[in-house]
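Sharing a structure with you now.
Order of writing sets the labels: A, B, C, D and E. Residues in every chain begin at 1.
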């Protein structure tokens, strides 16, 4: 193994255990069919089962060396790698680095929360929990896999449990929602699939074909890689020339890496719900059951951003730089449109409102990525800050949106409605609920002291250096989304209470259990963001080096 | 690398196909009143053949490669026809596929109550033919088994089928027999054109240095003959009709294995024996099969009858197999063979769910009339999900690896085709999801569906077997792909060498 | 004879007779007439054979023997054929060939 | 040239058949001679079973004589048993010489070579099946005569297969045909039967005349060219004709004579365009007789044609080779009798098979199929024009193999039609509806024979077709082979209609269709032969290989 | 001499062709049969002219004496002789005509075109010199030698034809059949040994099948 891959110090395949733990739970769940365990205990057991990955991740975090940079990139740690399909050079390849670890952490935190949020599911509850386990496993696999195949397998496979969750436990418009969600993502990833085939064939033409994300990423950044002499751009160009496409349609190397860029970008932009690829999102989020919404919004939308960091930036840096303004513009539109979209629902569906704020928040992440790649005199530092901010924003948004969807679900469970205009003055009936919801809302809109603020702050700080124009305009989104969220709060909790809501109960034990950790984490993130930022800083610094180096 | 050592002095391949001849003879001797006994005999021997197929599969030494388990006996020495059996990495998975599908098919056939004896005899004969084709390395022998595999379909569909069964049966048989007429022409052409006076595929494939023009001329009927069975556009129309008309187990075998015979023949016979002809015509094949892939998927999207939908999806998927063949490089061929395997298992599962579990209980396959079955039979719903995901090339299931390899292969030769063919993937997802929703997850629109009979153990075990194979291969494709790849490389090597020799 | 008439003329006579017989066999509607046409054709063959014998190898018997065999066979055929005519007539009371046509497909 | 007594063993099967015929003719003198139905049936059974048993015995003797299953070793001890065998086998085809004299055709007219031997065995088999089915199913008036005529016809066929001289050939044809005319019209109370007999007779006599005219011209030609030659006085022998062509300067007369003979024989063989009588006759004649006519007499005709063309007219063979056949270039231009036959074959294939498509009557359908099959057989005849002697041998082998397989497949099909007809009273295809439910074994046997006719592996018909295609392609006639392959595919459609009726259609009556045991057993044995020959063609191919070169001496 | 022969030949030819034409064209079948007899006679005469005496005699005996008489018998038995009110020819007789004419032409071609006939020299005319013509003696001998095989086969053929003609044409009058089989006779005798003498059984008719066979 090259030096930048570091196996687990104790030789235990922790990452595999992490992935397969939920699947093992799946089988136990089926096995419970044979035992007389009651429904309540099964649900509790699932939550407990989901805590184990959390423990593992924490132990990994503790042993993870965030500052290790080897041969121009952040070291990949806890690596497991062996041949899987020899005929096309597919390896079983897992590992974590500073980019993936925060997201892994987010995943293992959100999964038990989602399970807790599903305690009220009665109908086919076992299938429901089984799907949650499956989804957790798929998401973990996605963040941990470093071979394109496993990456892609988990990427696509995460759709399935989500699809079924929406389809079976969703509300009103679930059919179309699940359908568009699935087909969008699948169709979006096609280009990427084809592109990777080209990568493989092109690299095979020069030496060993590879589906290895790290190797290809190094090639893309022009880092020295054993077995290859040229960088990815020229490898592809040579191959395309060889099979005669250049003769057919012409073009320079940049042209082909531009095509590659768009293939990758579209796949991830759909997942990230960047305008104009966002249309599936409000439907899916609002139609999904609570747990589905939580996982979709908190974790799955981050899969797109993670993909951009893992694949888009390192593989085709030149094209990313070239198209950075476009990315920035799209991000800006997302930010603003998402905010206005949220505003338009202040008298409408609560879940939709939250969904639109998600678009808005993901827009910031996109903006950070665009800024990090943008052509300009910006220092490596600012670029790093932008990406760090994006990572922090992802985690913070995951936590806060998760909390919001959790609470929205709890509210709907009590009142049977998501319609904001239905509510009013609920604070009187459920003060604790209102408090928790308030914290989550403020975290979401970026109140200083909570995690969301730190994320957005770092993004704006970092992006300003290379894209001042877009960044300054993006503040509009900041304001509008804050407005929308505050109005929503007002619609629900303030004002005179309606007769029919007089006797709604306050938060119960399960909801407390679910909400408190989130609030705590949001608070920690706001007070001590360095915990996360330190984790990723070195890796990100190495990643953006190529953008800063050029000009 | 092979997992188990098999004694070499045992004629494994003969045993394999004979293992289904034995039950045929046994069933003939059982009086037709003893239906249960007939079913048991048929199923047990189908299981036995699966065990044998597994033994051969794991006994095949993929590190050594080449043809193994060779058996040779003189048959008609005057014409250079011999009883020559052998397998390489390409047909070994096919044997396994047939073992799996016939066993699952046998399990799915327990509900046939009418003329049980004839049904089982024909079903097993069909499987004998398929085994025979996959083990035969003598062209003549291969053809004999090929026809044996095709003909029982006529009666099976005609008697036990549904929905315009006679029309379907006749159309299917005539198409396939038309195909075999073309194959016969090709056989004669190779036999006489090569001047070797032998039907030994191994010898023929290594000495195919007969005139280029001749190859070019006779490759077409040869390939088309097999491609008809593989459902190549525009000769595909028999396939959906036949699928719809056929009884469940027959659909399973038919779409699952029989269509693969066609693709297998295209590769092993047509392309290998006339590599120069193949080189001249591959572009046309790629173009036609591109239509297969995209058009098949589009038509599937418009179908209201579930079986028609699956039938057209088969057309689309078999198109991918042929595209893989048309790429004529190792990766493409590997993908094609993998796709044969994956599609075989997956379609069998589809038909098991749709034909056996759904149709036999609800007596309708029309999408608008079905609904809400997930509540009644969640197992069926899950099986459909697994098959459907594999069908749309969901990573982690067998279909994905196959399509991946195919696209890889095609990229190298026909990049445009690769891009265009990829359109079929979202379309596939669309129709599979639509069907999934309509049949299983929508609201039940028929009261009667709440009281459908429970699934039987045969249905459970058969479907589970198929689903398990899909998942295992999806998670660890190397099980198959290494073996296939090594042989595909040899095949490509042989073809290149022959073409080179011809053009020098 | 061989000096007075050359072989060709005898052959022409035979050919003419053959063709007349053929016309009778093909065109007459009455079954017995057809039979008579066939007899004429056989006689044409006989003329041919005798002529060949006489002109080409008069010292061997082949031609004549052939004729005798043909005559014998013709007699047998005639007997069978006329018996059949009678059988058909019994069941149909007609001998017009186109009225004997229950078999059509 | 004289007949010697030692040559009698060479004619033994024919003589035995004649003896049997006379025995059968007189057999019913020992039976109850009442006119009521039981007595008639009883007479029929006794005469028929006598015929069948006798034919089995003769078959056994012929088989022993042929030496195909057992050849007495030269060093076998001398005792009465071995003496019998030795004497028998002295007349067999293996004996290279007889009492120091090399084997030549008896009187230059009849050759008891392997071809004849195989043909004899096949004809005896066909006659056996026919008589067995006949006595089990038919109510025959004057049964003794019926079976005697059958046997006489069989004798004629054996002679046709061995004839190497025009006069004997002609008389053998007549000996074959005249009993068949009578048998076709045997049920004179049945309108269709008498009509069939009449038509068969008229066309048969007409074709005899045409053929005779051809023979006379050929005789004239050879007598003209070969007079004063070594063969003077024997100018009707095939080999004399062949030798006389070598000294002749102008062969127009010979060509015309040959065409007349081919046309005449073509009528007998019912090849297009000389087939018009065949469907009517086949449909009208009693079914067992139809089976016999469409198989055995056709085979005899083809064997005669083969021997005639190859022994008497080898110089007129011409070529069918088109350029671009994938074979080494052939110099000879297209022409000769092979091209003529190729044309006829093409017409026959196309017309016979297309005309069979719309038929609804089982017999009529099979009769068109028989016409179509004649087209396939012709491929084997003209394939002899291949230049390579090895390919010529393949042509002959494939032809004979095809003929034997065609004969046994077709006769089984007709036998089963006969059994079904006897039970249901109809010979339409609809009479077969649901046969699988009424009598599965019978349906299975019918499936075997019909599929064998269609050429589906692993049945014998497939290998036969394959082999004959091979031979024809070798001769260079690949376009005709292409047509034949496609046509054989088309033919599948109408053969499948039997399968459809038997397996798919619902039966009109549900009660079991009972079949006499003997008949079923006979059919089963022959069907098994079809299967066995398909799975292991060498069973027959080894024997047929002996006939590779047709003796001309 | 040669002229006489030529004239004779012309006359005989005219007779043959003319009467043959009448055979196929006259309406009345009896007339047709009579013209047929005339043709046969003409052909006999031609044979005589060609010095094939034996063939000529057989021709007249068999054709005129047997075949023609059979034809006349058949015509009488079918009671449909004058052909009035019925079409003489098939409606499509005009198809047959050109076929026959073409055929005639086709046959003539080889007779004349490039065909050189190696006619054997005429017979020695000197009295007492051995004739090189094969006569009835040689024919008779050849039936026992070279043509033994066809000769025997023809005998079988004639037997078969005889049986066949009887089987087909015989009208079996069921009640008037009189011959006992051996089996019946034995049964009858053993019965009569115990009981009264049997009833008289009518004598057989000449048409009985058992007699037909005994020939």
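One rule holds for everything that comes next: a contact is a pair of C-beta atoms (placed from the backbone, for glycine too) under 8 Å apart; a residue touches a chain by one contact, two chains touch by 3 or more.
As the structure is a computational prediction, the values presented were derived from the model and not from experiment.
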| item | value |
| --- | --- |
| Neighbouring chains common to chain D and chain E, by label | C |
| Graph separation of chain A and chain D (steps between touching chains) | 2 |
| Top chain pair, ranked by number of contacting C-beta pairs | C-E |
| Most centrally placed chain - per-chain CA mean versus overall CA mean | B |
| Maximum centroid distance from chain D, chain identifier (CA atoms) | A |
| Approximate Å spacing (C-alpha centroids) for the pair chain C, chain D | 27 |
| Euclidean distance of C-alpha centroids - chain B vs chain E, Å | 70 |
| Chain centre separation (chain C, chain E; CA means) in Å | 9 |
| Where chain B and chain D are represented by their mean Cα positions, the distance between them in whole Å | 43 |
| Set of chain D residues in contact with two or more other chains | 167, 171, 174, 178, 181-182, 185, 188, 197, 217, 224, 227, 233-234 |
| Overlap residues in chain E, where contacts from two or more other chains coincide | 107, 111, 117-118, 120, 147, 150, 154, 157, 160-161, 164, 168 |
| In chain C, residues with contacts to at least two other chains | 11, 18, 21-22, 35, 51, 53, 56-57, 59-61, 65, 69, 73, 76-77, 80, 84-85, 87, 90 |
| Interchain pairs in contact, sorted by label | A-B, B-D, C-D, C-E, D-E |
| Chain C - residues contacting chain E, complex | 1-13, 15-24, 26-30, 32-33, 35-37, 39-40, 43, 46-47, 50-51, 53-61, 64-65, 67-69, 71-80, 82-87, 89-90, 94-98 |
| Chain C contact footprint on chain D (complex, rising order) | 166-167, 170-171, 174, 178, 181-182, 185, 188-189, 191-192, 194-199, 201-202, 205-206, 208-210, 212-213, 215-217, 219-220, 223-224, 227, 232-236, 279-281, 283-284, 359, 361, 364 |
| Chain E partner contacts - residues on chain D that touch it in the complex | 1-3, 18, 25-26, 28-33, 35, 106-110, 141-142, 144-146, 148-149, 152, 155, 159, 165, 167-168, 171-172, 174-175, 178-179, 181-182, 185-186, 188, 197, 217, 224-225, 227, 233-234, 249-250, 252-253, 255-256 |
| Residues of chain B that touch chain D when the two form their complex | 32, 75-79, 115, 117-118, 140, 143-148, 151, 154-155, 158-159, 165-166, 169-170, 173-174, 177-178, 180-182, 184-185, 188-189, 191-193, 210-211, 214, 218 |
| Parts of chain A lying in touch with chain B, wherever the complex brings them together | 83-88, 90, 124, 127, 149, 152-157, 160, 163-164, 167-168, 175, 178-179, 182-183, 186-187, 190, 193-194, 197-198, 200-201, 243, 245 |
